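Two complexes are shown next, each including chain A; its partner changes from chain B in the first to chain C in the second.
And then the complex of A and B:
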C-alpha cells in the first residue's frame, strides 16, 4: 500500500525516533521534534513506537490512501478530515482505499504527527527514515514530501481502529510556556544581572524556528563579563573556540537572541552557550508557534531528573491506557 | 590548561580542556575521547571530540550524572600520561583558490562583510599583515593542517594549521552569516580552516573550492562507498593549489570514478613536532609525495 501525496502542506517530513550515533560527524539524531506525540500516534495504530510517520508543520497535507488502513493524528490541535468529514484527533481512525485524509486550520501547537498502521517504509539511512534535509539523508531522496510522491507503507495486521488518548494523558503548553533550563556550559560568561534577566524576562518565539533550532526574542540583551578573548575563539565576546553543542543548548550570538538547538542541531560551532533545556521539555519546543510567549525556568539536576521521570510516567500511562 | 566540566542539561557532560586553541589541548581532548571510548561505560551513548573540548552524551536512566562525572575525571588523570602520538593519514586536497563560484557568492553578501570593497582573500591577507592575496594563499597551502574536529553539519572538517602560534592565520568571521555558501568551499574563521561539506549558511571567509567531495549520502563517489563521511579527527591535510583546468578534470574524474585522493599513512608525534615544526612538516610532505 502507499500514501499518495495530493498536497504536501507547508513542510511535511518523514520522521521516526531518529539516528543516534553520528553526532560526532555532524549528523544529528533528528527524528520527531515531539517524541511523545510520535510514540503515541504509533501506539494508536498498533505500530512499534519507533515506526516512521509524517511530521507536518503548521499546515496538514492532503493524502489519498491506496488501501484500507488505520491512521492517527497527534501533536498539534488541528481538525482531521476524512473525505471532508471531521474526525477525532489522538484516535485510531479507520480509513478505506481511495479515501482522502486532509486537515483544517491549526489552532494550538505547531506540529501534527500523522501515522498509519504499518508505518512509512522508505529506505532507512544510517538506521533511520528521518528526513535530515541539510545532509540529504532519509525521507524521500533526503527531502520533505512533495505533491505526487507515493510513500510506501509497511505491511500490518495489527492495526485496530477506535483507541484514543484522553486529554489528561497529553502534555499542554501553558501560557507563557515554561521551559526548564539547567544553567551551565559558558554561564559564567554573562554578568549576574544578565543571568537574572534571562530567567526573569518574557521571551517570544521568533519566526526563525525550525528543526535545527528555535530562536527567541523580546528579552533584554545579555551583558558579558569582560575578558581578553582566548586564542582561536574569535573577536566577539559571544565567541568560543568552536566546541560541541548539546541538544537543547542555548546559544546567544552577540548576546541578543537565544537559540535553543533541537533534533536537527548543528553539532558544534563557535558561539557560547548559557545552559541547556532539560530533556523532558524538548517535546514542548516542537509545539511552539512563532510569537508564542515563553519563560525560561532555572532548575538543577535533581529537578531535571524528576521531570524526566514524570514524563516517562506519563508515557507509561499512555501505554497502559492503550494496552 | 585547566579542564572544566559542566553538565549540558540532564543528558550531556561538556569537558573544556582549554579555553584557547592549541595542539596540546587538541591532543588532550583526543586522548580523553579515546579513553572514554575504550572504557565502554554503560549508559554513554555518544562521544564527540572537538578542537579543545569534548562532549559525552549519556542516558541518565542508565548512569547517574554524578557517577559519570567522577568517571570522566578519573579518565582525565589516566589520559594525561598517554603518549601524544597518533597513527593517522595525510591527504592531499586540491584547492582552486580565487574560483568564480565563491567569488560570485562573496560579492552577493558584501554588505555582511567587514570590508565590502575587498574580496575575502584580500581582507584576510591584510589583517594578517601580508601584501597580497597571493602571499596569503602561499601561507595557506605552505604547511599542512590537522583535522581538529568534524561537525557543525554533515562531515564538515575544522582544520588547524601545523605552524607555531605566530604563523597562525587568523581571520574574523563575517559580521553576519551568509545564507549561502557553495558546496566544497574552503573557508576560514578565527584560527580554523574548514571545508563546507554541503551547500548552506556559513560565516567563514571564503578562499576557494575543492572539486573533491567529502560527504556523499548516496555513497556513489568511489572513495566514499564504504562510508559517506570522508574525514575524521586527527587526519592531516595538505592543500594542493590547482587551476580551472585541473579543477574541471578532477570533477569529471570523480564523476567517472577515476579520481582517488592521494593518501599516505603517517605517525604524528606532538613532542617531535614541537621540537622541530618545519622539519616535521617536511617529513610529512615527503611521506605524502614519496620523495
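And then the complex of A and C:
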C-alpha cells in the first residue's frame, strides 16, 4: 500500500521521534516538533509510538490512499476531510482504497500529524525516518514530500478505527503561551534590568520561525554586563567562545531577538544562551503560529522536573485511555 | 453580481507588492484574473504567492501591507 501525494502542502515532511545520539557530530535529533501529538496519532491507529507519519505545517496536503487503512490526524486544529466530508480530529478514521484525505483552513496550532496504520516505511537513516532537509537526510531522498510521490506504508493488522482522545487529555496553548525557562550558564552576562525584562515582556513569534529554531521579537533589547571579550569570542557582547547548544536553548544574537533551538537545530556556535526552555514545553513551541504572543516564565530545576513528570503522566493517561 | 473572497491559505506576514520598489500586484479598484497573484505571505523564511481562485473587478484589500494574516483570512474581495 502507498500514500499518493496529490498536493504536498507547504513543507510537509516525514517524521518519527527522531535520531538522538548524533548531535555531537552536528546531526540534529530531528523528529516531530510536537512529540506528544505524534505519539498519540500512532496509538490511535494501532502503531508503535515511534512509527513514522507526516508533519504538515500551516497547510494540509492532499493524499490518495491505494488500500484500505486507518488514519488519524492530531496536533493543530484543522478540518480533516475524506472525499470532501469533514471528519473528527484526534480519532482513528477508516479510509478506503481510492479515497482522498485533504484539509481545510488551519485555526489553532501550527502542525498537524497525519499517521496511517502500518506507518510510513521509507528507509531509516541513522535509526530514524525523520526528514532533516538541510542535511538531505531521511524522508524521501532527504527532502519534504512533493506532488507525485508515492510513500510506502508498512503492513499492519492492528489498525482499528473509532478510538478518540478527548480534549481534556490534550495540551492547550493558552494566550499568551507560557514557556517555562531555566536560566543557564551565561545568565550573568546580562544586567539585572535585562534579566527582569526578558521575563516581564511579551514576545511574539517571528514569521521566520521553523524546525531549526523559533525566533521571537517585540520585547526590550537585552543589555550586557561590560567585559573585555575573551580570546576566541567574536566582538559583539552576545558572542562567547564557541559552546554546545542544547535542544531548547535560547540564544539572543545582538541581544535583540531570542531564538529557541528546536528539533533541527545546529549543535554549537558562538552565541551566549540566556537559558533553556524546559523539555515539557518544547511540544507547545511546535504548535505556535507566527505573530502569536508568548511569555517566558522563570523556573527552577525542581519545577522543571515536576513539569516533566506531569507531562509523562498526561501521556500515560492517553495510553491508558487507548489501551 | 456577487462578491467573491480570496483567502490566505496560510498564516504569516502579508505583502501587497513583489518588492518595496515595485507597484502592488493589484491596484485598489482594479480587475483580478483567475489565477493571478494578489500578494505574498512570508513564513519560515520564504515568500508564498497567494493566487486568486476567482476573478472579478473592483478589487478591495481587507489586509494592509506588512500586516499579520492567519490561514483563511480574506485578503481581497472582488465583484464577479
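Methods note: the second predicted complex is superposed on the first by the 323 of 323 C-alpha atoms of A that agree within 3 Å, B and C clash if a C-alpha of one lies under 4 Å from a C-alpha of the other, contacts with A are read in each partner's own complex, and residues count from 1 in each chain.
Going forward, a contact is a pair of C-beta atoms (placed from the backbone, for glycine too) under 8 Å apart; a residue touches a chain by one contact, two chains touch by 3 or more.
Treat the numbers as computed from the prediction; the structure is a model and nothing was measured.
After superposition onto chain A, partners chain B and chain C are found to sit side by side with no clash.
Between chain B and chain C, the partner in contact with more residues of chain A is B. When the two complexes are overlaid on their common chain A, residue A:291 makes contact with chain C while staying clear of chain B. In the superposed pair of complexes, A:58 makes contact with chain C only, with no contact to chain B.
By the touch criterion defined above, A:208 lies against chain C but remains apart from chain B after alignment on the C-alpha atoms of chain A. In the superposition on chain A, A:105 makes contact with chain C only, while chain B stays out of contact range. Taking the two complexes aligned on chain A, the least Cα distance separating chain B from chain C is 10 Å.
When the two complexes are laid over each other on chain A, chain A has no residue in contact with both chain B and chain C.
Against chain C, in their complex, chain A makes its touches with residues 10-11, 57-59, 104-107, 110, 207-210, 289-291.
Here chain B touches chain A in the complex through residues 6-12, 14, 16, 18-22, 45-55, 57, 60-61, 65, 149-156, 158, 160, 165, 168, 170, 172-173, 189-192, 197-198, 200, 215, 217-218, 229, 232, going by the rule given at the top. If you check the complex, the residues on chain A that touch chain B are 20-21, 23-27, 125, 134-137, 142, 182, 184-185, 187, 230-235, 239-244, 246-249, 266-270, 273, 275-280, 301, 304-305, 308, 312.
Residues of chain C that touch chain A in their complex: 7, 9-13, 42-45, 48, 68, 70-72.
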